[in-house]
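Here come two complexes built around subunit A, the first alongside subunit B, the second alongside subunit C.
== the complex of A and B ==
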């Protein structure tokens, strides 16, 4: 097939956009690995900055992983039943819940954080612990989990499947764990990946909620941008990318997969 | 394997169904299905076939006052998972997350049966339904007919008390339909299982059922064997729904029904039960009528059109005094052309008479 002018124009445009997005990331990565960024790569490559970041900020990394995992766990336990309930019932209550779940997507993270602080901020034990951030993250990410499972549930005829299982003698819980959960696996996995990614990268809300002892990676990152030399914060970014990119790639891969089999 | 020992009779007493939105889907219904009997629920779309089946299954519950019995067991308020029914859905409802064997084994799995028993029974089912080569396949890798068989195998493996089938063949092509319905019928009979079979296809109904219940807008219009329903329909609705019927009105004169200059002799059983001069609706099937010589007939007409259909020729005859064209099936491979004068012979015993709705005035 002969490719016309417009094809090459589009290709050039796409490459340009990619470059626009990727070049800064690439620059940042090199910055984190060079001895002296102002001298350039010829000053030599090093892992020194990475080690230094690890020494300074490893607790933020562990806390981020911890919060992301627990958020995911909470989302699994709450989000999947919630999506199932929403898909199953069509009542005023379920419509209201559906609306409530959309809200955190629309409201800025700052506002959610402010709400949390003004209501629960007085309970200092809670305010000081990482659980406070966890609550914020659950509120922020739960809608994504629910919507992603809900989308799958609405695309399969799960009621008939359930009726089929019931006719064979399966109790409610057997139906839920044998039929519903396995058949929304794609929704659950993509919800999990989304939760992990969103929680690990969340800044707005976390920045408002954090205390000096409960800093997550993105908050620490902002901190280092403000107070450290460029190479250190770049190395920090590098670690962050190393954590988040595999998750993003897994999510992308998962989104493509169903289309191939369908 | 044989279900004769486990299957039971089904009794519905005054079972009525009103949906939450106020739709009265089923008028109070009494129905008794013998142990081992296959009852077909037949009727047009929306008449309440699926609703009846779901009530028997326990997927819906009937209004206050109704009662459903499996044998002597009152199951009216028992949920489906405790009713011991087998069900085959129109869409099959096979579990996409399980392969063929796992689908078939599911009923045993939820009962916590041993692995050995599961394997043995699944193997039995795979053999019975010719599914052995597909045991490990995912259900999206099966043809429609294969899925249908998996659904049936899955439903009967637990030896249910009753088997409920909702249009199980409607997603298949005509040829496969015919083959499978014979297979299913033979299987159900061999298993001796009580079954309720829903269809809107009258041919399928006649091939499958011991008895057929024709439903009309949430009510049983008629229930009986295929012969009963075909040969002596109780209403025009039933007559129209099963096979083809000629309908025409005439006046009762003595022992015959008259149409202006034409008349048609009736058997005593028919003329004696109606009043002289009464306007009656007469129904006959095309294959029961015969074309004879014009001179010999009391019912005379002219050929309007004829169509060769292979096994028979369908001739449309216009008769003086009858508004409708009469459809006559002719099996003698004779040719008729438009305008041919023919006589019609209607065997008196093949006539169904019903009072017409407007009995009063008739201009002849």
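== the complex of A and C ==
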């Protein structure tokens, strides 16, 4: 096959689009490590800005990690049993539940946040605590956890495995923890990674739900973009990318693996 | 019977979470928007130019972004599926990262590209002696929305193109179809469901994108910013509720279309 003009045109176009997506990431990484961005990299590399961000915003980083972990824990306890139920039964209740769980993906975070404020905003102890943000994150990420476990359950024949175990005398909970959970491990792990990434980066909901004492990393980012010098904002972004890129890479690696064996 | 009870036990946590923290808040929002002076907010939205303009410009911007990213991503997606080269898998992996970047970070990337000290400004300075600053206008929003839309469509196109029956193309070619005819009559029709579903997801995400608009400028009158202003500056909860319900309805409609076409809802950025 000869590679004509059209091939090189498409190649150039593709590379340009990839550059559009990737260059800003590298730009903000370099800017965060440069002494003076206006002078350029020749002004020297430094970790000064990263330290400064740590000093100013480390509490937001801890809060974000905290919320992401607790959100994941809640999603595991709530989402996995729910996915199993949805895979197992076809009833009006399961259809209704499925719809309720998918809706938060479709509704913008702002609407959910306004709703939460309108109902629970008056309970000031709840409103002021990080649990308020946690609730928003759970609503926003739970669908992803459920869908990811459900996808695995629907691809395996778990009923046969369960019946086999039941015929050997395994109780309901034994079957759930020893048959169902191990078999949808990949779905659970990818759901966990998804939850962690989405929760760590959630802004639309969190901005409406946060208080001055409960700022998460993306809220802090918005704050630094508005008021800090470019190097500090970049260093902060760098820390954020450092947190979520490993999660994304793990998710990529996980998604590729079953395809190879299948 | 005991069996059934145990199964119900499994969904009680999910039901409680969903009812208390999603359905109840949404119902309250609807209630507030309708009871405040008999739903006058909806009347204002239909009659006052501020809200109509905000709705219209958000709609237009999202539509243009969706069409542009469909065109760009189809070219890139088809190219990436058809040709193998070194480093392709890394490239494809990197293309999917922006899917989960929050809108604020994407806004910052636009500033990096097109802000006062950005790449375009330097480029403009070198070429024409004048700094090109697009970031804080509607063009900046357009760039930002493209940033989170393109990966979504590229991945969908690649998924659909991999499933494309190569025999059909061979058959077309043997019947004497040229490259454009093949694209128009074979490839694009096969991609259409994927394009519709990812296009609707792009549109929905663009309509609801708050973070990007928030980072770039506060006076750009896109719908999420209007909602935010109504809520914080004007303390008009009923209006904010009505607008966000309309927004929610539009995005829900888009995602329903996407689901009909068999698309999965990829992570929401923006």
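Just so it is clear, the second predicted complex is superposed on the first by the 251 of 262 C-alpha atoms of A that agree within 3 Å, B and C clash if a C-alpha of one lies under 4 Å from a C-alpha of the other, contacts with A are read in each partner's own complex, and residues count from 1 in each chain.
FYI, a residue touches a chain if its C-beta (ideal position, glycine included) is under 8 Å from a C-beta of that chain, and two chains touch if they have at least 3 such contacts.
Since this is a predicted model, take the numbers as computed values, not measurements.
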item: Partner chain(s) touched by A:168 [first = subunit B, second = subunit C, both, neither]; value: first
item: First (subunit B), second (subunit C), both or neither touched by A:160; value: first
item: Partner chain(s) touched by A:187 [first = subunit B, second = subunit C, both, neither]; value: neither
item: Touched partner set for A:32, first subunit B, second subunit C, both or neither; value: neither
item: First, second, both or neither for A:207, with subunit B first and subunit C second; value: second
item: Partner touching more residues of subunit A, whether subunit B or subunit C; value: C
item: Footprint overlap on subunit A, comparing subunit B with subunit C; value: none
item: Residues on subunit C engaged by subunit A in the complex (per definition of touch); value: 3, 6-7, 10-11, 13-15, 17-19, 21-26, 28-29, 32, 72, 75-76, 79-80, 83, 91, 93-98, 100-105, 107-113, 117, 119, 146-147, 150-151, 179, 204, 207-208, 210-211, 214-215, 224, 227-228, 231, 237, 240-241, 244-245, 247-248, 251-252, 254-256, 264-265, 267-268, 270
item: Subunit A residues within the subunit B interface of the complex; value: 156-157, 160-161, 163-171, 174, 178-179, 182-183, 185
item: Subunit A - residues contacting subunit C, complex; value: 6-7, 10-11, 13-14, 17-18, 20-25, 27-28, 31, 37-38, 74, 77-79, 81-82, 84-85, 88-89, 93-94, 97, 100-112, 114-116, 118-120, 135-136, 138-139, 142-144, 146-147, 172, 176, 194, 197-198, 201-204, 207-208, 218, 221-222, 225-226, 230, 233-234, 237, 240, 244-245, 248-249, 252
item: In the complex, subunit B residues that touch subunit A; value: 57, 59, 79-82, 84-87, 89, 91, 93-97, 106-107, 109-111, 154-155, 158, 164
